[in-house]
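Two complexes follow with chain A in common, the first pairing it with chain B and the second with chain C.
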Partner chain A sequence: MAYLLLLPAFVFFVVFKFGAVLYLIPLSLEDWRLGSTTRAFVGLGNYRKLLVSTEFWNALTNTIVYTVAVGVLSIALGLVLALAVRRSGRLQGIYQAVFFLPVAATMSAMAVVWRFIFDTNIGVLNAMARAWGLSPLSWLQDDRLAMGAVVLIGVWSNMGYAMVLFLAGLTTISRDLYEAAAIDGASAPQQFRAITWPLLSPVTLFVVIILTLRAVQAFDSIKVLTNGGPLGATQVLSHLLFQVGFQYFDTGFASTISVVFFLLLAGVTLLQMRVERRVHYQ
Partner chain B sequence: MSRFDRILLVEEKNIPTWIEDGVQVRPEVVLMRRALVASALSTILTILAVFAAGPPAAAQAVRITFVRLTSAAHDAYLDPMAAAFEKAHPGIAVESIKVPTGGYEAIAARALLSAAAGTAPDVVQVGWHLTRTFVESGRAVALDTFMKADRAFSNDNLLPAMLELGKVDGRYYLVPVGISTPAMFINEEAFQRSGLDPKSPPKTWAETRAAAEKLKAAGYEGVLWGWSITGNWIFQTMLENAGGRMASDDGLTVTFNREPGVRVAEYLADLTAKQLMPVTDQTVQLFSSGRLGMLIDSSFQRVNLPKASRFPVRMVSIPTPDGRPGRLPAGGNGIMVLSQDVTRLQAAWRFARFVTEPPVSRIVGENSGYTPANQSVIAALRKQYATDPNYQTQLNDAARVVPWHSWPGAHGARISQILRDAQQAFLLGRKTPKAALDEAAAQIQPLLKP
Partner chain C sequence: MNRTAHPARRWRTVSAVAGAGALHLCILVMAALTLFPFLWMAATSIKPPEEIFRPGLHLVPSTVTWANYVTAVQKVPLSRFLLNGVIVAGGVLVLQLLTVIPAAFAFARLEFRGRGLLFGLVLAALVVPGYVTSVPNFLLLSDLRLTNTYWALILPFVGSAFGIFLMRQFFRQIPGEILDAALIDGCGTGRLLWHVLLPLVRPAIAAFSVFSVVTHWNDFFWPLIAIQSAHLYTPPAGIAYFADADGGANWGAVMAATVIIVSPLLVMFIMARRQFIESLAHISVKG
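The block that comes next holds the complex of A and B.
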């Protein structure tokens, strides 16, 4: 009976999710342009093209840089925020809401707002720079700054998420442990190193997994702010495959990118799952 | 038999009867069934489609789908256009499928995706530079047979240059809605405050640079040649006015990196190096903020920019190297027909034909920055807007259009991106103009297959 009840959801999942993903594999072996009436089987041709494609390697590097930067910074800041917010007493609810807001907001809409903040000529950031006598910067038009700007937005939109998860983790740590440590004369940093951090490690791992996935999938902010530019400086895999598929209409090659992207993600997830087994304190 | 031949057969078999019948389109129930059979989608989607279309026998109307742009500026002429068509053709309903972001590429993606799923839209609004993409996908219907057979259609109505723009390999695919040309917009207030006379705008590149210097001295941004605008339109314009071409006549050898191209690139790179031109793609926002003196953008902005700006905006012909009237590659869009079955194909042709007729040309001419296709309307608009110098500039320029370079083969959009990156590289000073263009040429050349 249980399986019967699961069936509709299962069928839906297989047809619309799994089926679509599987369909990418034959597509990745074809030279097919979106909507075209002709298609040709090219075997591993697209994969060979991918290996020598500078745009793919550039996008892969950028994806790794972006993911690591956003992941590390969001987690670090999220943890700091969680510890700070927990001590803020009555205002805790308000702080939580404020920092969580970017997570709940629609990224594409927020990205439009950020575009106005970063704009070289009419942006708030440069207006402030001018007011303080600093020279304005072309945040999104300069290939040396754009990645930083995009990472900043990524951190802004993710640290609240990490914070909420850490807050939940902190509440599970027993007060007794801190009291015992205090009696033994442990200072606050020592308490953090000996109690908080180790006991938070399962939560930390979970946060790492979730944020990695969120960062790897980042698309909206990059699409709205930079379109992968300038000069490919913020080109990540998710945006590259959109561009190849829906702007160059090269569906076959875009499918190849998707398949490789999928395999990479699956690899990272498996790795994280193996680590997870070692981290849990039971 | 390819789909293309099938369409031709359909054309030959059906047009004569249809023409003799006169103007009225007769909806046939058969077609609904045929559409269902043709649909490659799963049964679920088919059922949904039937629900969406209503009971076939009861609905006496043909419904055609129209994939189009949408924004305040585009709705201003597209909404009245669809309404006028329905009013003039009671048997045909137009269902607009609006694509809010992503421009012409997003429209093309939407239309081609639907086509791949077996539910191709009937008419699509297509940017000139994407004509080839549709034709090479095999989904576009050549309109020559219709144009010849339909006595109600008259070639003479249309600005000849415009109709030519929709031609690929000798056949007509795109019926022009309106064209735009590159134009220069002047912030009159900035000009006056910089000691410049907006009534005698710069005509040569050297004068433009000199004006930009004065603007900069007065605290403004000088000039923005809209390098980021779709398909490297402005670069092509400057290149052709400098005596160069994007590619050889057969389209198979890139030539933009030869002397004229390098000269254009060096001119632009010098402007940005001296901070006389900002390297931004936010052309309209920057201009309407009042910080920019001169913007070279699409004449489509003639309506939009003055509305968005709190200062008088003057539109003039673009500066050329020597000040003589330049070549103006046409921008803008047209209507392309993708219908899959006979009745809808006929209805779609009606729509395409209607676009060339005076009422629509008038709607386009009065509500958008495009120059419409119909010659009699253009003449009327010239009188109607005799006191509007900006409009006169637009109409004068429109008569001089040349085709937008369309890259052969399947890689037009990718080539555009390579060229855009090349421009950005020399504008930001990351590469020398010559090196940037040479590298782009080396990347593009292998993409041009015979």
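The block that comes next holds the complex of A and C.
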């Protein structure tokens, strides 16, 4: 009886999750372009190709830079917003909704709006720069600025997420602790250091994990705004996988990238689970 | 009560008020910045071309025009994109609920051999990201001649590890006496699930539904891969395709189309803010 109840869900898991991941292994050992009739077993050839591929290393570096930047900024702003919004009384619900709006909004559509905002010729950012006598910048065409632009969008779409999680964590801290600290004459920064930050640490870790996984997998804004450019400045692993697999149709190499991407994500998850065990209430 | 405040305490009150004021100002500025893309999109969509090209920051249009919306609706199959979105997100959700609920019930309430192992597999499926399975799933669906159909957008997402995980928590919270009473009354498992348990887990179904619909409505990566004809695009792929095809020649119409594309979710979000925030941030799951 139990197995019958599990069967429908497991059919889909086996086919589209486990089967797919397992099928990646033989695929990653082949030289095969989709549509071509020749498929050749090349052993670890694709992995060797990956190790010397400047495109891959560039995408990996950019993924790490993007993830760390978006993660750190979103978490810092999310925490500050949570602490501030919590004290805003009746407006708390409205502020929560405002900051969470980008999380729920359709990212690819909002990325189109951002592309308009960043547009070199008629974008509002450059329009304001000109109005203030500054020289306009090619935000998305300049390889020194493009990463900053996509990070900004990443922070915009993630800080509300971090804020909501921190707010949920803050409600679990007893008000009595703050009252006791206030009676003992502890200032607000002292209270934050002695009560909020240590008691919030499990939540902080949870936020770090969730936001890292979200940022590592960012795709929509980069596809719409830069296509990984200019000159690979915003090329990340998810977008490289998309290009290699579904624009160049290099199925074998795309599978290799997928395997490495999967190991990387699994590694991050395991690392964070180990860290999690060491974090405890002080 | 002593009404003459101590100077130090009065200073503390003044700084507290100033601090609170500064705090409110900071949040207000951040809120304005966060909302800016939404406001700019809406404002541009009702501006005539000469105002769109006017330099400087002019949020409020001096002349309001609906021409951009007319152009957008004529040039872009917006209603088709929205219909595709409803079919795909709705199809995914219905099939997910049909597979997730029985599985979650079995994990939460039934004793059987290999339960731990099978649940471990569900947890493993939870950490497999969609990108990683995209190449094999595309190959499978094209072998089945299902690419460029709605099925290609629905089938890979039916098995939801997250759904099983969430529902299982809820099923476990139901007191055993309710189940025993129903079984003693001669209730079969099917009827038990449908008439007794389903009403009890309705909040979990609501939470999961919001999460699922938002996720699959917003998904951009997979439709780009699995669909080749623009008329089958869901809203995210449709709007990006149109913005690319337009090439920035008519931002007014592009912004009008974007407003139409993002509106359904935004309206639902505003109507059910609490539910959306809790479902999407999985706040209820952690409890």
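The working rule: the second predicted complex is superposed on the first by the 276 of 282 C-alpha atoms of A that agree within 3 Å, B and C clash if a C-alpha of one lies under 4 Å from a C-alpha of the other, contacts with A are read in each partner's own complex, and residues count from 1 in each chain.
The definition used in the following text is that a contact is a pair of C-beta atoms (placed from the backbone, for glycine too) under 8 Å apart; a residue touches a chain by one contact, two chains touch by 3 or more.
It should be emphasised that the depicted structure is a prediction, and the values quoted were computed from it without experimental measurement.
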Overlay on chain A: chain C relative to chain B, clash or fit: clash
Which superposed partner A:97 touches (first chain B, second chain C, both, neither): second
Partner chain in contact with A:143 - chain B first, chain C second, else both or neither: first
Touched partner set for A:182, first chain B, second chain C, both or neither: neither
Contacts of A:246 with chain B and chain C, given as first, second, both or neither: both
Touching partner for A:1 - first (chain B), second (chain C), both, neither: second
Greater residue coverage of chain A in the superposed arrangement, chain B or chain C: C
Which of chain B and chain C A:122 touches, first, second, both or neither: both
Which superposed partner A:109 touches (first chain B, second chain C, both, neither): second
Touched partner set for A:25, first chain B, second chain C, both or neither: neither
Stretch of chain B penetrating chain C in the combined three-chain arrangement, among 23-31, 95-103 or 257-265: 95-103
On chain A, positions contacted by chain B and by chain C: 34, 119, 122, 246
Complex contacts: residues of chain A adjacent to chain B: 33-38, 119-122, 138, 141-143, 229-232, 243, 246-250
Touching residues (chain side chain A, partner chain C) in the complex: 1-3, 5-6, 8-13, 15-21, 23-24, 27, 34, 77, 81, 84-85, 87-88, 93, 95-117, 119, 122, 124, 127-128, 130-131, 156, 160-161, 164-165, 168, 206, 213, 217, 219-220, 223-224, 238, 241-242, 245-246, 251, 254-255, 258-259, 261-262, 265-266, 269
Residues of chain C touching chain A in the complex: 20, 23-24, 26-27, 30-31, 34-35, 37-38, 40-41, 44, 52-53, 55-57, 98-100, 102-103, 105-107, 110-112, 115, 118, 121-122, 124-125, 127-129, 131-140, 155-161, 164, 189, 214, 217-218, 220-221, 224-225, 235-237, 239-240, 243, 248, 251, 254-255, 258, 261-262, 265-266, 269-270, 273-274, 276-277, 280-281, 283, 286
Chain A-touching residues of chain B, taken from the complex the two chains share: 2-4, 105-106, 108-109, 111-116, 120, 133, 136-139, 221, 278-282, 285-286, 289, 291-292, 410-411, 413-414, 417, 421, 424-425, 428, 430
